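Scroll down for the structure; my scribbles are underneath it.
By letter and in written order, the chains are A, B and C; residue numbering begins at 1 in each of them.
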Amino acid sequence: MKIESPVQLAETAGQLNSRPRPPMKLLVSLGTCGIAAGTQPVLKAIKDEITERRLENAIEVSEVGCMGLCYAEPVIMLLDRESGKRLIYGDVTPQQIPAILAAGTDAPATGTRTIERNWYYPESETPADGEFQARIVLRNTGRINPENIEEYIAEGGYTALAKVLTEMKPQDVIDLITASGLRGRGGGGFPTGRKWQFAANQPAGEKFIICNADEGDPGAFMDRAVLEGDPHTVLEAMAIGGYAIGASTGVIYIRAEYPLAVKRLEIAIRQAEERGLLGKNLFGSGFDFKIEIKFGAGAFVCGEETALIHSIEGKRGEPTVKPPFPAVEGLWKRPSVVNNVETYANICAIVRKGAEWFRSIGTQGSPGTKVFALAGKVAKVGLVEVPMGSTLREIIFGIGGGIKHGREFKAVQTGGPSGGCITKQHLDLGIDYESLKGIGSMMGSGGMIVMDEDDCMVNIAKFFLEFTLDESCGKCTPCRIGNRRLYEMLEDITNGLGTVETIEKLKTLSATIKDTALCGLGQTSPNPVLSTLSNFEEEYLAHVKESRCPAGVCVKLVHYTITDKCVGCGLCVRHCPANCISGERKMRHEIDQSRCLKCGACYQVCKFHAVEKH
Amino acid sequence: MKINLKINDSPVSVEAGTTILEAAEQLDIHIPTLCHLKMDCLQIEHRSGSCRVCVVEVKGRPNLAPACSTPVAEGMEVHTNTLRAINARRTILDLLLSDHPKDCLICPKNLNCQLQALAQELGLHHLLYKGEQSTYNKDLSSNAIARDLDKCIMCRRCETACNVIQTVGVLSGVGRGFEAVVAPAGLKPLVETECVFCGQCVQACPVGALSEIDYKYPVWRALNDPTKTVVVQTAPAVRVAIGEEFGLAPGSISTGKMVAALRKLGFDKVFDTDFAADLTIMEETSELIERIKENKNLPILTSCCPGWVKFLEHQFPDLLYMPSTAKSPQQMFGAIAKSYYAEKIGVKPQDIIVVSVMPCLAKKYEASRPEFSHDGVRDVDIVISTRELADMIREAGIQFAELDDQPYDSPLGDSTGAAVIFGATGGVLEAALRTAADWLAKEDLQEIDFKAVRGIKGIKEATVTIAGLELRVAVCSGLGNARKLLEKIRQGKANYQAIEIMACPGGCLNGGGQPYHHGHGKILVKRMEAIYEDDRNQPIRKSHQNPAIQQLYAEYLGEPGSHFAHKLLHTHYFDRSKK
Amino acid sequence: MSCQCQCAATSPTRTPEDAAKFDELGRFIASLNVDAIPDRRRGYLIQILHRAQSIFGYLPEEVQEFVARALNISRAEVYGVISFYSYFTDKPVGRYKINVCTGTACFVKGAPKVLNEFKARLGIKEGESTPDGKFFLGALRCVGACSLAPVVMVNDKVYGNMTADKVADILKECGE
């Protein structure tokens, strides 16, 4: 049935919430990572168990998106509707299901792993101790079935759109977003309200509102989680944005590598259209809004808004000089607003709860929260959403459980290939757009890669630059050739061919690339080099002055030697591909350094730890 | 609306939308550029802002701004020569050179290269960066355009020329990052593409990545072969441009010096394509009048330009009946030289070598079309461009600027003012109108300047009245303009009787084989003025009044459009579209 | 006068399977109504290329031409787009991607012999796929499994301590 007024929407939500439902709800995390970790067999076991024990009226199963607990997938959550008690199980196996279902929410089933919830929902809750996370963007992700619009409506979905269309003028909406202080979550942090205002100020006519879902940072998957877990929130926000700037067409530009997100978006759009929540004359306001999906095809640079627009137009995704800005001349030369998924995911909450509420979370300059994809050497890899101003220590140690295998924290890279590394000395810095910029990194889209003592920072810089090389569009000279030269210099350093002069050249060329590249990708591409240089210059110097890689990563600089522990078993001799280990049987062996390939085979096979790597 | 800003502390007031580069020009402040190409007279603009050579410092802006593509803003303070801007510019150039062969001495664009000029301008004598260089196979597949992508600096000017201006659509950016380059689909050699060899990409290319296929050596060989009679023809547009190669001012009419130089090079006879242009007018005009009388196959399209003809064959195969079947002047000349003239001097056609000097690269291709050779003997044996001729003159140590004027040889060197104007867009049509008017009125009319079809504009439309007959005509130059017009014709939205089309914007004076204009549109305007001046200076200005032509028909061809004339002077066209 | 020019290349005759694939692509393009706004036809390019690649497995020249014609854009532009986006390929890639590690350790332990054996048995060169589209043969830089050198990877599976004799076994395994 079509929903044609706010009253009908409220009635529908009321009916959905008051219909008789089983007392127990079981949430099964079916994001991409959950599926890869084996949630499907778990889900099957759950369904089988329910059928077998005739639990249909006792337990309602809901297939939800990612709960952010990637390190513990498969993850399920058991919720008692009446008492509000809940249990989150991680590393679930199909075999555990009967016991879990039998145990209920009073106590965990034996032989299982349970996880404490360390987040709260600012829209409806106040934080308890240890709840570092505040979920606004992820408020529905992992809580509702993304393939069922009713669950979204039951949670207050589309009330923000209804309010905007029936109670507010377009300018009121822009004023609200401006007052909230919401800034673009795609990386740059440009105030969203201002962006909308620019487009709204353009003469009336065809305009576009575009969602950038081309998340491409290595190690970032926040947007995917939102699209897979709560697609309607993005659709609703785009419609609100469309109303604000006078656009009746929305375009979602999404990576082709996200098939599940695409599928769920398609389902969501179809269901919204069926309900009259997208299409003509929404809520009887006379406002029409439709959404199209356009696909990327594997080009990181298309995250840059002008490149993205060209890609939608079927061209090579090469950025163009701004101005003209997309707000003036965007898709098909019409005024366009490009915001990313996470930015949109904030809009409905702001409309419902107000600008002041939003500003009460986060910092003065950067209100609200930020979602990070926590990865690398951290114990609990996953998705976290914290208020702006939270410290890295809270995120990495509080939520992330510290460093894997008890190793030493060395640095964390934020902002992906455009960002920089942050060291121990800044662990207690409250992070927002300005503070990260101040220490030579950037917010970026939210990738957060933790590194420990085994990571060579020169090699890390090289890794990010290699990514940039692969992804540079090749249009402007500094990015096309400059980054290539930077990479070659880093390669020289990791191969032991660098000199102090190489380091100086790295610095000057990096500065020029930042100063002259055409687009954001190029302008920020030297950041990993500059920030590792400023924080770990001694590591660079060790490479060039002493031919030594302190982390023992750079193969050409590593030496293997055999110590007194050698019993002369000859195992290493048999494994050495270069036949460069010799020695009498039962006597200490030796490695001919001139022929050693540094492959490490001897180091790996020696049972007596007699091979040393340094 | 005027915008006020300061550049290097000097105030300037310019129109909104002006770029920093243009504003600086008003103050005579030069900012170096490389990828930028703007020719107002042809409405050509390539403003990609990609090379980053033109970066300048703008107060309050965190990074440097590309002057070529940054619009001015009220109160802007620009500094073009701060240490930061200079260092950045030098680094950009250093980087470009780190991925560019340093074989300037033997590069076809040596001393005509804008990258080389920039290195000199910035005084770069020491390179800081080196590393891997891109390597590609050279494309020498066609007989017109050579591609050496090792030298490509990704300015993409050729792409704009090919796709935006000409709409031929052969070139595109290919690949990405360091491997990005400009190439045809599938990295195919040009000969396998729809390239029409207009050579506008070669004109646009600031470096040696695109150049002509060089035929100087075959000419030298022919000149030194005692068994051959070597004759040369020079196209109309060559005489008003070649002087530029020797330091003469653009627009100098150097016909006499050029003829003298060609004699010094050793050509047995120095003839003029203009003679054949007059011949073309005879054939084409009689065809025009016939089609108008019969009111069929209209409009008639000119067929002198081989780039345009090939474009039509690829893109508009359904309109192949439209162009005049008259061969181009170059090919008419070859056909006459190897028949009429050969008989006249008693030399076998295979012992005559016809060399053409053309402002064009497509002429190299045209001469090689199979229908223009018989029993293995081509009508036109070797085609060199204006630039190649200049090279030969230099190589021979001839002091061009010092030469005394000499006249062409007769009879194939005799021509009229109507032929000279073939070198400018609109000229062929005007020449045809002069003859048609006389023929239809059956008198020697005095009003012979058809100014409505003159000028460098891309599409010109006019209704002209000749001998009481109203003729709707159009002239377009640049294949993009041609495409627009042809689409209209195809859709039945245009109603013309005669249309002149030239592939190169502005006509042959801006041909792919002309001295490089390096983006200076004023040079083209000067060449055009010179062409019409040369026309005014001619004692005879109508093709049919050329005595040598009259004699040719009397002695050999019979009437214009006769069966024999058709056999010798007309051709047909092929559907080259991909089905 | 007889025509000796390189007249328009005639399109090669298609196999029934290929014809069916072109039909499918043609129907897909028709369903998009690309001519609704002629100036914006090319906005469908990437979507169409995605579909074409899923139909054909890759984007051969003929398909590129087909798409270019449907959208009235040049073949160069279509190729420019294909070569820009890493998702698209204009070369067929075999289902089984065999990659022989040619890192230093594998090299000295006999990787070239293994590679040559694959070449001989499959009748293709490095970087090519077999005509039946089953195998792709490539060479990789070090895969970091030097202790197992020489190493061969088939899709994501690693085979260590390879010899030329074992090549036949691997191919057989893929056949099943």
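Details
What we mean here is this: a residue touches a chain if its C-beta (ideal position, glycine included) is under 8 Å from a C-beta of that chain, and two chains touch if they have at least 3 such contacts.
This structure is a prediction, so every number in the text was calculated from the model and none was measured.
Graph distance from chain B to chain C, where chains that touch are one step apart, equals 1.
If each chain is reduced to the average of its C-alpha atoms, the one that sits nearest the average of all protein C-alpha atoms is C.
Between chain B and chain C the centroid-to-centroid distance comes to 41 Å (mean Cα coordinates, whole Å). Mean C-alpha positions place chain A and chain C at a centre distance of 31 Å.
For the pair chain A and chain B, the distance between C-alpha centroids works out to 54 Å.
Within chain C, the positions touching two or more other chains are listed as 73, 77, 80, 84. Chain B has residues 172-173, 175-176 in contact with two or more other chains. With touch defined as above, residues shared between interfaces to two or more other chains in chain A number as follows: 299, 316, 318, 470, 473. Taken in their complex, chain A has these residues touching chain C: 256-257, 294-299, 311-318, 332, 470, 473, 575, 577-578, 597, 599-601, 604-605.
Chain B contributes residues 163, 169-176, 183-186, 193, 317, 369-371, 572, 574-579 to its touches with chain C in the complex. The part of chain A that touches chain B in the complex is made up of residues 299, 301, 316, 318, 320-321, 323, 469-478, 480-482, 484-485, 488, 505, 508-509, 512, 514-518, 523. Against chain B, the residues of chain C that register as touching in their complex are 1, 3-11, 61, 64-65, 73-80, 83-84, 90. Within the complex, the chain B residues that touch chain A are 48-53, 55, 63-64, 66, 69-71, 84, 87-88, 91-92, 95-96, 98-99, 128-132, 153-154, 172-173, 175-180.
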